[in-house]
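Given below, in the form of structure tokens, are the structures.
There are two complexes below, and they share subunit A, which is joined by subunit B in the first and by subunit C in the second.
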Partner chain A sequence: MEQTCEIIDMDQLDHGRFGSWSFSQDFCVTCGLCSSSCPASGIDGFDPRKFVRMVSLGLEDKVVEARWPWICTMCAKCEHVCPMEIDIPAMVRSVRGLREREKVPGVLHKGLAAALETGNNLSLPKEDFVFILEDVAEEIAEEPGFEGFTVPIDKEGANILTTIHNKLVNTHTEDLKHWWKIFHAAKEDWTVPSDNWEGTNWGLFTGDDEAMKIMAGRVAEQMEKLKVKNLLWPE
Partner chain B sequence: MADKNVLVLGGGIAGLSAARKLADFDIGVQLIEKSAFLGGHGIQFSCKATDKCVKCGACVVEETLENVVRHPKINVLLNTQTQKITRSDGQFSVTLQKNPAYIDPEKCTGCGLCFEKCPAHGAISRGFSKSNLPFYAISEKNCLFMKDKSCSLCQDTCPEEAITLDQKRTDHVCETDAIIVATGFEAFNPESKPYGYNVFDNVITSLELERTLRQESIVSRPSDNKPPEKIAFIQCVGSRDAKLGHLWCSKICCGSSLRMAKLIRSRQPETEMAFFYMDVQTFGKDFQVFYETVQDDIRMIRAIPGDIFRTETDRLRMAFLDNSTHEILEEIFDLVVLSVGITPGKDTKELADQLHLAVSDSGFLSPSENGIFTAGTALGPMSIAETISNAGNAVWETLKYLRI
Partner chain C sequence: MKKFGAVTVFDLLIKYIKEGTIKLDKSRFDNVLATYHDPCNYGRKAETLFGHGYFDEPRWILDQCMDNWIDLYPTKKDQFCCGGGGGTLTTGYNTERILYGRKKMDQIKATRATMLVVPCHSCHGQMNNIKKEYGMEDLEVKYLWELVADCLIL
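Let's look at the complex of A and B:
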């Protein structure tokens, strides 16, 4: 096995910032269970164990520049298997948050910018959104047992408000039907808002707390406006 | 020298060593063991010598056990536990609860007919050493006679009339001048780990491998009794684990598993072996030399694998990140051995309450003095050699306390 060693510039280490994190990355015993269990391990050489070590060593510049934190899907299996209870997904998110926003990978960056500006990642106009929902509802109404089915948009005082993942009004409209049929069968009193319906919150994935707060705040506003007490947020 | 008596709790290598040393000082020893067999975990271990001794310590347990059962100053009570302990004027009065042995060690010849004939799974078990007297034991949990008196086949079959099933539990009171607590450890149960233990037949613990090597000499797959072509050892299962509250290194597993791997290699040379580890704990001055030779025969992989899956051909597949290629490697094995850690005994807390002993944060006993002394793995992970030396120290403290 041939290996090359890179000399670490000690001035580049920044224990200060990482030291203030509460992820106990310094407890890592380098057992490698995270890397053995991670579904994204090995993609572009992604190695969660090495990532934790980089953070632990304080290699701030390297770890923020690296592509690795963006390969992670934040599924949290690593955290589940970690014997030292290190919250690796939270660490990944924090590292992502340290990147300049313009350098956040394109899809996420553009999607989030669109969501902040228009209310959803696709910049889908309200009329189109409503049209798609009603179209899907009509299809359901044609199925036996669902005669007369309609989608209750902006229904004031409903029991549940549900958000919509943007892909469900884009490429996966069939998937809307499962939820809706369950609501129908359960005689649930539910609604979908016509504004700020976006169910994904890419502030979460980009480590952008401020954006995350704005997106979550908008959902809460819709609930207040429509006087709905319960939220179903199926990301 | 006035007649002194010491009660030793636990018949593993710590208790056996302490009992033997005390008896050699002409002190009367009452040695009590909660299970049906003396020898604890150590007596289940295999000698791991290949072309030469690798200093695993297994033979010392055998030898000590043999000396203890023969020693006139040692009285052994099997199937026995302490109920109550009171202390006055430096004397301890200990109430012991003894479950019957059902098999009379004086009459039993160890012929094994009872074991062969018994229809209830797990109702009759075998000892591990010829010094386990009687060599067979009846389990109250599984025996049909204990359940509903529906079977007495063993009693009827025994040619020596050594078996009497209709026996009651008895209480004994033992007066003693000092107590040595040597109640040992519990091997970690790996069912909660993602390795399919007790789901897949061919995932076994290191303790089970020790027993197999001791009894059968060679290793085979539990599922089909065929010799495994590829064996994986996974280290630190239940040790160094904050989630379990087990932050300690169990100290013995690297040595034990590597010695077993080396032994398998010498007896079944075609076997391929991989050793998955975090770091190898080379305790003892001789270990480094042994470790260097081991690496020629056994593939050392510095990663703990994740989930294990069973393949269609009943083999075991697992994945790990290869440090040299930075890619996920999937490998198939025939047998996976989990090196299970040393954990505190299940009744440590109860015993500590009875004896007014302190329990450390880890759950093991804290060292104790002044009449009640502690020895062996009840205090934390120790090798056989360390345990013997620790028991020697407890005996020394006991002798000072007794002013002998």
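Let's look at the complex of A and C:
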């Protein structure tokens, strides 16, 4: 792969810039094990080792502008092989969090913004959500062994509340059925909330701690409101 | 102040099976060879963040559903990334995402399995999305709980 050497203005270097970050980035021994283990190494001439060095040297603009933190899958193979136990995935996430929200690639921030505003990434209205669940429940009830199956929505005092991944009420409604069938066979006392059911939490990917707290807080609020004993969060 | 409990998909399935509240037909997939992929969040990252990686639990569940499954190599903590994590299914950088699923596909091909079991929505989406790119159209990608639901004796 062709790489060009770029001359970096010394004024950009500020070793103290990320000094408060506790990811052990300054302990890097530049061994390159992370780079060898990374599925995204080489894209745009980047790799984890280079990224760690850039953070350690305080090259803020360069790392925040780079595409690489967003191409990283946060799979943590780098951290697993690192002899100095540098928390590279968490560092990647923190760098993602520094980017202007309008410049977050793809639908990640848009989906999150929709979730913060409407409760779910799709901005799916409550009545449509309930309609989809009941429609799928009717399909299950037509299968042998599941006669009379219904979906218990907003059931107070249930043993288990399950969140729902938005794709299961969008393009993959068939995949709602697996857990529901297991609950039916196990005679479980379960429920799905009609509010705050969103199981994805894209603040995890965009480095947005505040948004993550809000989304997780809503699920907790729902648990308390419905007095449910246990939370199943399959996402 | 603990107001409610939380259960993982693995612990709940294991509880149902061990208590006998669900019964499984182990012969359902007698003619299928399956393999299992460890997602980063349930494995490596859970071990680092919460002190326990879910490596053995899904394999125990697989054992209750079928005799005929084999592990990928490498596996568990050394597992290769599917390429679909970290939000990469939604960033729009699709060429890159497909590229780094290549090692995963090589691993699966090496087992000759026709079914891949996963307990993660991102891995499931990624594998289904890229399998045709690697000549693996016939690979059936199945959620772990889908496998359990398929084996239910009613």
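Keep this in mind: the second predicted complex is superposed on the first by the 223 of 235 C-alpha atoms of A that agree within 3 Å, B and C clash if a C-alpha of one lies under 4 Å from a C-alpha of the other, contacts with A are read in each partner's own complex, and residues count from 1 in each chain.
Operating definition for what follows: a contact is a pair of C-beta atoms (placed from the backbone, for glycine too) under 8 Å apart; a residue touches a chain by one contact, two chains touch by 3 or more.
Model, not experiment: these values are computed from the prediction.
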{"item": "Room on subunit A for both subunit B and subunit C (clash or fit)", "value": "fit"}
{"item": "Which superposed partner A:106 touches (first subunit B, second subunit C, both, neither)", "value": "second"}
{"item": "Touched partner set for A:187, first subunit B, second subunit C, both or neither", "value": "second"}
{"item": "First, second, both or neither for A:126, with subunit B first and subunit C second", "value": "neither"}
{"item": "From subunit A, separation angle of subunit B and subunit C (C-alpha centres, steps of 10 degrees)", "value": "60"}
{"item": "Partner chain(s) touched by A:30 [first = subunit B, second = subunit C, both, neither]", "value": "first"}
{"item": "Contacts of A:83 with subunit B and subunit C, given as first, second, both or neither", "value": "first"}
{"item": "Subunit B versus subunit C as contact partner of A:47, first or second or both or neither", "value": "first"}
{"item": "Subunit A residues touched by each partner, larger count belonging to subunit B or subunit C", "value": "C"}
{"item": "Partner chain(s) touched by A:73 [first = subunit B, second = subunit C, both, neither]", "value": "second"}
{"item": "Distance in angstrom between the closest Cα atoms of subunit C and subunit B, superposition on A", "value": "5"}
{"item": "Common interface positions of subunit A, toward subunit B and toward subunit C", "value": "none"}
{"item": "In the complex, subunit A residues that touch subunit C", "value": "39-40, 43, 67, 70-77, 79-80, 89, 92, 105-108, 111, 144-146, 160, 165, 167, 175, 177-179, 181-182, 185-188, 200, 202, 204-206, 220, 223-224, 228-235"}
{"item": "For the subunit A and subunit B complex, residues of the former touching the latter", "value": "1, 3, 27, 29-33, 35-37, 41-42, 45, 47, 49, 81-85"}
{"item": "Subunit C - residues contacting subunit A, complex", "value": "3-7, 9, 12-13, 16, 21-22, 40, 44-45, 48, 77-78, 80-88, 90-93, 96, 99-100, 103, 121, 125, 143, 145-146, 148-149, 152, 154"}
{"item": "Interfacial residue positions of subunit B with respect to subunit A in the complex", "value": "194, 236, 240-244, 278-279, 302-307, 318-321, 324, 326-328"}
